[in-house]
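Once you scroll down, you'll see the structures, which are given as structure tokens.
Below are two complexes that have chain A in common, paired first with chain B and then with chain C.
Right, the complex of A and B next:
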């Protein structure tokens, strides 16, 4: 049973998230068509970059932040079995984030913030864009505070019991986001806002890129952790089995937070402002963070194997066929893992110093992050939405048959979109371009791949519309149903003595602080004791 | 199909052999694909001129 306050909070957050998602999908389809050059009437660099900036901001910041906050409130209330702490603070965070989104959206849509979602200076946007982005982040800090206080209060009252796994991961994600967002917050508040308001004439792009690198990689784990929560906490039960190991799951979440933070310089391998030694350190960290991802793949697959065998599956792979493929949660998990394998491989190539030079700033990179984010992460967001919607609205999902169709459409579209994107990168197509029609032999060879990408984009848009249709129809047309339990997965045997250090958040904070100081201390400090040069703005 | 308690117990206590095999296949595939990109695509392109 979920209390009315939590229902409202979660529903409002998810609704904002999915509205942003639908708008971003429409823009995404326009972009893939425009960039192909097949329809010359559509060609406009100005509109394209305004669109791609809005698409990136809506997907990477608005969809994710609102979804994660909403899902966090649900997880906290249902796993701890208590109402949300300080709902006024939670609503204030929501309001602030929404205000920030609107403030940033206006210049984006007017073409006065066409700086892409990375907003690297010296390209300059309207100050309202930066102020809006800052408010969105500050609003999310209220969510972090609510999550941390709820976990700590529960722990104080239940000293001998471990935090429920879903809440353990949510608490770590709140901690991760507080650390992660500091880098971009410093960049926006100390550099970009004063510069865009004309208070400073120049900006140091090296320092800005270093601060953004602080945020740019761990933000991916901020997005991924809710997907992993569903993989560990919902999928095993939906498949008819048990979670293979609660302890391994906790170690994986901890590993993501510890190793995910100090590794951002693999985005700066080709940048001149950081020395090779620092890049090597961050590169090693990047390979380390693959471990909790591999562990997650193993644990989730093992949980599915248990379920498949309990369903009657025999032999080495016979359990795969006996899984309930029609269940949206299980189907999403399988498709998410498939895309994680492909995207994870791309990530290993990006992290490899030499190979990175081959794909740096090419279409490969866009293909890679679409596969990890819009593939693995977003398909699990769909699964969570299908899981939560009946529990939040009190109504049965409008169609249990159309949900798997929507998920297959998304998967097929993403494979059709991102595979040619990777190939185009290897063929030398740069990223961040609005047109590919240079009429040379090289660019002519790109055309067939562009066609496949348009087909992929079309399938993705169709899938997004079907997703929105299912949620709206559930709200407006479905029959009422009895309250559903949250359906958290259990382990076959309850754990007896979970090590206390796993939940020693003070200790992990200190370790993260030490790791961040080690990996970012001198690289940031150097800008204050070396003579560096600022750049004047260019842009709208 | 319904399983006996003993069969269920065996499933819960046995090693996930199918998962280990899949993980090995995926890991081997990744190593091979990495080697292909390094030796088959990256090195043949030569140095920057």
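Right, the complex of A and C next:
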């Protein structure tokens, strides 16, 4: 049984995350309908951009950060088998992040911060928006501290044992997030807040974009790592088998953290303020970071195959049918991998230094990240929620039949939403538009795809509501449940001599520092040598 | 450390695939000269109208002394100026953009004319358009509530027609 403090912490974090998610899904559905132009009465750029800004911030920052913090507390307490270190610090972080969320949400909903979740200057939002965003991040640093200290204390007491895999990955994720958030923190604290308060007159958008790019790529691994933890640590056991390789999993997590950080310039491929050589360097790193993901795909599939064969599957593909498809964890993993394959293909195109210009900032990009973020990542968040909820509330999941239905709905909705979205991008539709007004024949070819997107959005909204319903019903109506133990997958090979360097976090910090200096040092320093011209603030 | 032989094989396959992709990218960059737009060149966005290159009467298509074609455009809410340009097909054209207000992006659909226009910096792209026709020149970065109304027009005509009807006249 998990201690009450941990259960409360995790439940509160996940509840905030999923409330944000549900609100944002309603906004998302409104957006697909509005932008299609099929209902002229709905058309309003003002409402649309307030909505997209809120949807983006809730999904990318609030859902993710709170979910990851909550899941991290659960992982630390259950895998290390001890209570949370300094729960007051954890609650303080929670409170600060929540305060930041509320401070940012007010101007967002009032249309005073319609600057989208990327808030690129010199369009300026209400200072409260930037202050709120900063507090959300600062609150999450408390979580990082708790995770790192718990891992280090455990290491000190268990000198000869490796950290449990789930905790190893969580510790790396805390480290990753600290490094990741520095870029945007510098941008917000040194540039945006003073400028939005009127303390400085101008801002350099080139420097701001460079700092934001520092954060914008590794943040996706911050979001993704919990999904991978579930793939490695929960899925094999839920499927009835073993984790194929614990060592490879550790290397994959390490690879994501090392190579995920110094590559943000693939978001700046077509930016004029950075030179081609740096972009190529970051481009090479971007391809390297595909390797941990390719390896993950293999190891997870191999683990599923082991399970399928243990369940009696024979022949080349017979093991697929004997997997427990009705188990939410296993089903999510299969659907997540399918979306990861499709999304990974698109990602290779985006990452390609030159090919990127064909799709940059078109609707393709929105399609791509919905597929891989709202698809692969979020479907694993659902699986984790179904896995954790009974263990946190002490109640059996309200319905074991509706959970797979919800997951299938999400998957079909996402395919239906993101496939036409990709096509629209290839047909030249820009991202972030509230209506289709261009006087060009080209726009005629866009219309049927908009219609499919609405259908996809409808399925997704239905799925999201069903998800919320299941969690609430479990809390309020379910019978008591017996099996409350955490269920981490085992590996058929005992750890023999796991090399010590895997857990030498000091060493990895130094290496990350060197890589960051190499890839961002001169590109950031150049703004202090170049004769640059700041921009005055603009409304929208 | 225990790594299964199968897994080792897969890692080699992954490395080889990624290596192949990177090789193709490096080759097209170094041999084909295909780079994304990346000239680090600054300009005062508040004084574009007084600048040598981006003053209102200097904008549009220019034939350079060496015969190459340059197009100078200003991006501002909500349009790319001049609003309409005619260019020859299959001819290298160098575009230079500057923003007079906020961040914009510019994309000519189905082509690789695609660059961010960051205020304070000049964005430069050289490309060729193989297929004649009327193209919308769209803004592809959120720049305010009128973002979806920000477009101009590029007409690509075949080389001969362009020479006879538009040659020398921007």
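Assume the second predicted complex is superposed on the first by the 534 of 540 C-alpha atoms of A that agree within 3 Å, B and C clash if a C-alpha of one lies under 4 Å from a C-alpha of the other, contacts with A are read in each partner's own complex, and residues count from 1 in each chain.
FYI, contacts are C-beta pairs under 8 Å (C-beta built on N, C-alpha and C of every residue); 3 or more make two chains touch, one makes a residue touch a chain.
Here the structure is a predicted model, which means the values were calculated and not measured.
Peer 1: Quick check on the superposed pair: does A:298 touch chain B, chain C, both, or neither? Answer first, second, both or neither.
Peer 2: After superposition on chain A, A:298 lies in contact with both partners, chain B and chain C.
Peer 1: Which of the two partners, first being chain B and second being chain C, lies in contact with A:358: first, second, both, or neither?
Peer 2: both
Peer 1: For A:498, decide between first (touching chain B), second (touching chain C), both and neither.
Peer 2: So A:498 only meets chain C here.
Peer 1: Using the superposition on chain A described above, determine whether A:341 touches chain B (first), chain C (second), both, or neither.
Peer 2: First partner only.
Peer 1: Of chain B and chain C, which one contacts the greater number of residues in chain A?
Peer 2: Of the two chains, more chain A residues are contacted by C.
Peer 1: Quick check for you: in the superposed arrangement, does A:209 touch first (chain B), second (chain C), both or neither?
Peer 2: second
Peer 1: Which partner does A:271 contact after superposing on A: first (chain B), second (chain C), both, neither?
Peer 2: second
Peer 1: Contacts for A:283 in the overlay, against chain B (first) and chain C (second): which applies, first, second, both or neither?
Peer 2: second
Peer 1: Under the stated touch criterion, which partner chain does A:244 make contact with: chain B (first), chain C (second), both, or neither?
Peer 2: It touches chain B and chain C both.
Peer 1: Tell me the contact category for A:234 with respect to chain B and chain C: first, second, both or neither.
Peer 2: Neither partner.
Peer 1: If you lay the two complexes on top of each other, which residues of chain A touch chain B in one and chain C in the other?
Peer 2: The answer is residues 244, 294, 298, 302, 348, 352, 354, 358, 493 of chain A.
Peer 1: Where on chain A does chain B make contact in their complex?
Peer 2: Listed in rising order, the residues are 242, 244, 294, 297-298, 301-302, 304-306, 309-312, 316-317, 319-320, 341, 344-345, 348-349, 352, 354-355, 358, 426, 492-493.
Peer 1: Enumerate the contact residues on chain C facing chain A in the complex.
Peer 2: Against chain A, chain C makes touches at 1-4, 6-7, 10-11, 14-15, 17-18, 21-22, 25-26, 28-29, 34-46, 101-103, 105, 107, 109-110, 112-124, 134-136, 138-149, 151.
Peer 1: Where on chain B is chain A touching in the complex?
Peer 2: That would be residues 1, 3, 8, 11-12, 16-19, 21-23, 26-27, 30, 33-34, 37-38, 41-42, 45 of chain B.
Peer 1: How about chain A: which of its residues touch chain C in the complex?
Peer 2: Chain A reaches chain C through residues 45-46, 49, 114, 116, 120-123, 204-206, 209, 244-245, 247-248, 268-276, 279-280, 283-284, 287-288, 290-291, 294-295, 298-299, 302, 348, 352-354, 356-358, 360-362, 427-440, 442, 493, 496-499, 526, 530-536, 538-540.
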